[in-house]
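Please find the structures below.
Both complexes shown next keep chain A, but they swap its partner, so chain B is in the first and chain C is in the second.
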Partner chain A sequence: MNGEAILPYLIIIPLFGAFSMPIVSLAGRKAREAWAVIISGATLALGSALFYYVWESGKIVLYTLGAKSPLGQGVNFPIRIVWEVDTFGALMVLMVTFVSFMAVIYSLGYMKHDTGLDKYYTLIIILELGMLGIAITGDLFNFYVFLEIMSIASYALVAFRNDTWEGIEAGIKYMFVGSIASSLILLGIALLYGQYGTLTMGYLALKLSQNPTVVGKVALALFIAGLLFKSGASPVHMWLADAHPAAPSSISAMLSGLVIKIGGIYALTRILFSIYGTSISTKTVGWVIIVFACITLIVGNAMAVIQTDMKRLLAYSSVGQIGYILLGIGIGLTAYGSQTGEIALAGAIYHTFNHALMKALLFLIAGVVIHQLGTRNLNELSGLAKTMPKTTFAFLIGAAAIIGMPPLNGFASKWLIYESSAIFNPLLGAIAIIGTAFCTAAYVRVLYTFFGRPSEKVMKAKDPEGTMLWPILILTIAIIVMGLFPWQISDKIMIPAVKTLENQLAYVSTLLGGA
Partner chain B sequence: MIQFQFITAFLLIVLGIYAFLAKRNLIKLILALDIIDSGIHLLLISLGYRIELNEVPTAPIYTGYETLKSPMVGPLPQALVLTSIVIGVCVLSLAIALTINAYRHYGTLDVRALRRLRG
Partner chain C sequence: MFGYWDALYFVLVFIVGLILAYLLDLWARKRGMGTRETGDGTKIFISGEDPEKVIPGFEHLEGYYTGKNVMWGLTYALKRFFTVLKADHTGLLTDYVSYLVIVTAFVMGVLLIWG
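For the complex of A and B:
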């Protein structure tokens, strides 16, 4: 199937599904659940088709809204909103649709006892829609609109259980931090528009390379600040550790697995590589990101060790893993064009995908535990392995993958990042390894609790019902299967994705009509 | 000619950031967010309204623009600001809804009371 034909439906179907949800809910609970599964399933099918098309042809798919060509009548510069998808974007689309589908299926069982579920399913699909929009857009303002759609949906979902103080407090914190970050990004967009008079990413890249100005650099600083806020990098990670545990577990899986990647890492990478590229000093910007990455890496993983709340531990671990991804991006930017940079960037993209699967799996398991025992305090969960063997097995796989044990998928991506950072600067490699040591300590502690002596409380627990167990099993299988072919995936998917990402010229020339 | 709208825009943004950092009342924080947003909107609008050659630009209506002598206002920033205002309204309403809920749970609007999540 043709890539250009798929792109609009990737937005239309979730949008239609989300806003028809309240009407469909009138027909009852069964109809609502079926509708949510159908919509997210159809989006998954479209996302996989798009990824397959882009990956196989290696082309950049361009879709212009409202016309055949992005160029205006009689002028030779683009005036319309475009969507532009390369291999990296398509990979993100696949990741978003897959994890969202798992989260929706899981919600069927997990959210059964809550009220207001028509709003819940509407919001979860709008969240998916916002992330898909960010992944495919090729226009800065369009990017801002989708970023806000995603952010507003996630503020509302964090505070979804508004009968508890935890959700409200976390929601308010998340909302204030997120709105400030969005304002910074909007200010950057305004400055870029004032200087260059366009907001199309490809054309902006052309203008910037011809005339890099101070205003452009200030705008970049604002973008980096805003997007580091959104991705939960270390000096400003406080909101993440509050917001992600407070949300319902299916939403935590999406927030930790997807939102911080798409709204933070993906957008940052796209702006740094596709818009700015070599028109700025890649060394300086790269080192700025590396410094933030190292702080994030250490702080996130170290804070994870001392947590007693299971979901809070997972949230801090997310901060730590974001550090690895940022480290890969920073090295990729500093060593722009060299092979070390390519490996680092491939590792970062690979780890983004892997971490989405692993962290989604771990948060879904935390949800199962809360559902069965009503607590997430690690001190009360001892001996869970006796009564919940399948769940514990899945947790074991997820924890081993996130630590980076060899036969699982986390190993390959972390190895690429270690390898490139050790070649680039041995000190950075050492910092990455220290971070992993903390990470291992945190997860070993959870596993030690799970395999410990059973307490009375856990004796009544049992493995969950089908709709909650299946997403966990599917994610576990995905992690194991991806672990079996680490270098094939790296060579066939990640390296080409890096090549298209670094090829700024192709991104621009696709937009301007293959000149 | 000094373009006062740029100065006003940056003053608004700085004012908003000051209020965001200094104030402790939830409603005032929401107002601060709105002031920052207004500043950015004013900046965007003024970027489109450029006085060139001492001629005041007219509205961007394309029907019959051949007869027009003076330059037109850039239409793109206006579209952007309209969209951005709509987004701002969404954030504002959600923020107020959350504030009402917070008041029910905590009995105060002071953000310093919202400190139960720690660690």
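For the complex of A and C:
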């Protein structure tokens, strides 16, 4: 099966699955759960096949909606909506489908005492659909549509448990301020369309390089601000610390693991590298990103240290990790074309993937703890290791990986970022290390609590049932295995992903040569 | 080699680290504040929290390591920094929007001047 044949089904299957969910739900609970697993499993199979195809062939896959060629009849420029997937996009597809599948399996046990699950599973699949759309699209307005699909599903899922004030408050805040960020992005798209008369990313890249204008710069500023917000960069990260802990843990895993990556980091990288590329001052834009990265990794990790709410701690930790990813992107842009830039960008992409696994794991564990003990207050969780050994072991692995402890996967990606940032500018390397010191302090507190003397409360707890435990174990194994082959993964997947991302010409020529 | 690392070296370093930690623990037991062979006197000072101490009103937490004071030294040393950070996280929607507007203005200003 070639990539072009797979691409439409990556959208059709979750779309069909989501909208048929209420009908399937009429057949009962088991049917609904089986349907959710089948749909997300089939999407994972397609996502893996697409990644394998793109990675092995090294090609950029192009799919035109409603026609064979993106070019209009009698004209030599693209007028149709296209989906364009390179190695970076395919890697994101794999990440989204894998973590979403884990979250769906986990939900079978975790959400079993909740009601309204037909809506829940519909929304979770729509959330996945929105993220997949963002990862594959080559059209700017199409990107916006998928971004909104993803965002609206997120708002609804954050406020899914409407019996508590926390979810409602967080959902409303997230929706309100998220909509403003989305409108900034829409305004940027409108400006570019008004100036250049096209929405196709590849063709826009061509137009921008031929005629860079002030309008293009204003649009870029709007994109950067909106997408920094969506990725949870400091100082526009505060919604994240409200929204991610308030959501059900399976959703927190998707929000922290995927949504901020796809809707923020991936979109920002795609716009910066594939649309703007060298038509702007990469140095200036790179330094803007670096400044926000440094603030983010210090503030996020430092705020994690002083949290007593386990999920809030994890949410702030996500902010901190986004700082590292942004640092890699910023250096990749500033040192565009050099080996340092390449390694930094490879580290950023690698850490994006790693962090999706690590944070999904940690949030799923937080969910297990809440499920068993009904609390996420760290001061009440002393001695959890005694009664929940498997869960605690998985947490230990996840925490060690996110701190960047060898030989786990987090170390490999952080190492690339440390190394390139230290070579680029030693001060940046030092800031990154300070961020890690805070990150370590935050997780040591949790581990110290878990391995402390058992309190009466935790004595009743036990490791969760299979549907909740298996996703945790699979993610733990993935983290350990990826840590054992860091250099191979970096060489075979991350560096090629960077090379295709930096090759703007290939992105444009695939579009125009698709005639 | 750029970006090179080998998992096995780090496993080795980790094992050495564990041995060092064990030796440090042995040394602390010998040289600690305690003046006795058994009982409270042998306790090693890890943090501001004494797991054995019963605080009036907090009897239910008696004898548990809660981890809340493990990073006491760090949080105390950076008290001012954390106070500023906490004060900044108001939870108010208007503040969230203000920060978004400030960030947009900053990025736009920089790009228009130097971009």
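Following the convention adopted for this analysis, the second predicted complex is superposed on the first by the 513 of 515 C-alpha atoms of A that agree within 3 Å, B and C clash if a C-alpha of one lies under 4 Å from a C-alpha of the other, contacts with A are read in each partner's own complex, and residues count from 1 in each chain.
Here is the rule we use: a residue touches a chain if its C-beta (ideal position, glycine included) is under 8 Å from a C-beta of that chain, and two chains touch if they have at least 3 such contacts.
Since the structure is predicted, the reported quantities are computational estimates derived from the model, not experimental observations.
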Chain A as common anchor, with chain B and chain C clashing or fitting: fit
First (chain B), second (chain C), both or neither touched by A:N162: first
Touch count on chain A, higher of chain B and chain C: C
First (chain B), second (chain C), both or neither touched by A:K460: neither
Which of chain B and chain C A:M175 touches, first, second, both or neither: first
Touched partner set for A:P486, first chain B, second chain C, both or neither: second
Which of chain B and chain C A:F411 touches, first, second, both or neither: second
Partner chain in contact with A:F229 - chain B first, chain C second, else both or neither: second
Contacts of A:G452 with chain B and chain C, given as first, second, both or neither: second
Partner chain(s) touched by A:D242 [first = chain B, second = chain C, both, neither]: both
First (chain B), second (chain C), both or neither touched by A:Q339: second
Minimal inter-chain CA distance - chain C and chain B, angstrom: 5
Chain A positions touched by chain B in one structure and by chain C in the second: 173, 176, 180, 241-242, 306
Interface residues, chain C side, partner chain A - complex: 2-8, 10-11, 13-14, 51, 60-61, 63-68, 70-71, 74-75, 78, 81-82, 85-86, 88-89, 91, 93, 95-97, 99-100, 102-104, 107-108, 110-112, 114-115
Chain A residues within the chain C interface of the complex: 173, 176-177, 180-181, 184, 214, 217-218, 220-222, 224-226, 228-229, 235-236, 238-239, 241-242, 280-281, 284-285, 288, 292, 299, 302-303, 305-306, 308, 339, 343, 346-347, 378-380, 382-383, 405-407, 411-412, 415-416, 419-420, 441-442, 444-456, 483-484, 486-487, 490
Partner chain B, residues of chain A touching it in the complex: 141, 144-145, 148, 152, 155-156, 159, 162, 165-166, 168-173, 175-176, 179-180, 183, 186-187, 190, 193-194, 197, 199, 241-242, 246, 306-307, 309, 312
Parts of chain B lying in touch with chain A, wherever the complex brings them together: 13, 20, 26, 29, 33, 36-37, 40, 43-44, 47, 74, 76-77, 80, 83-84, 87, 90-91, 94-95, 98-99, 101-102, 105-106, 111, 114, 116-117, 119
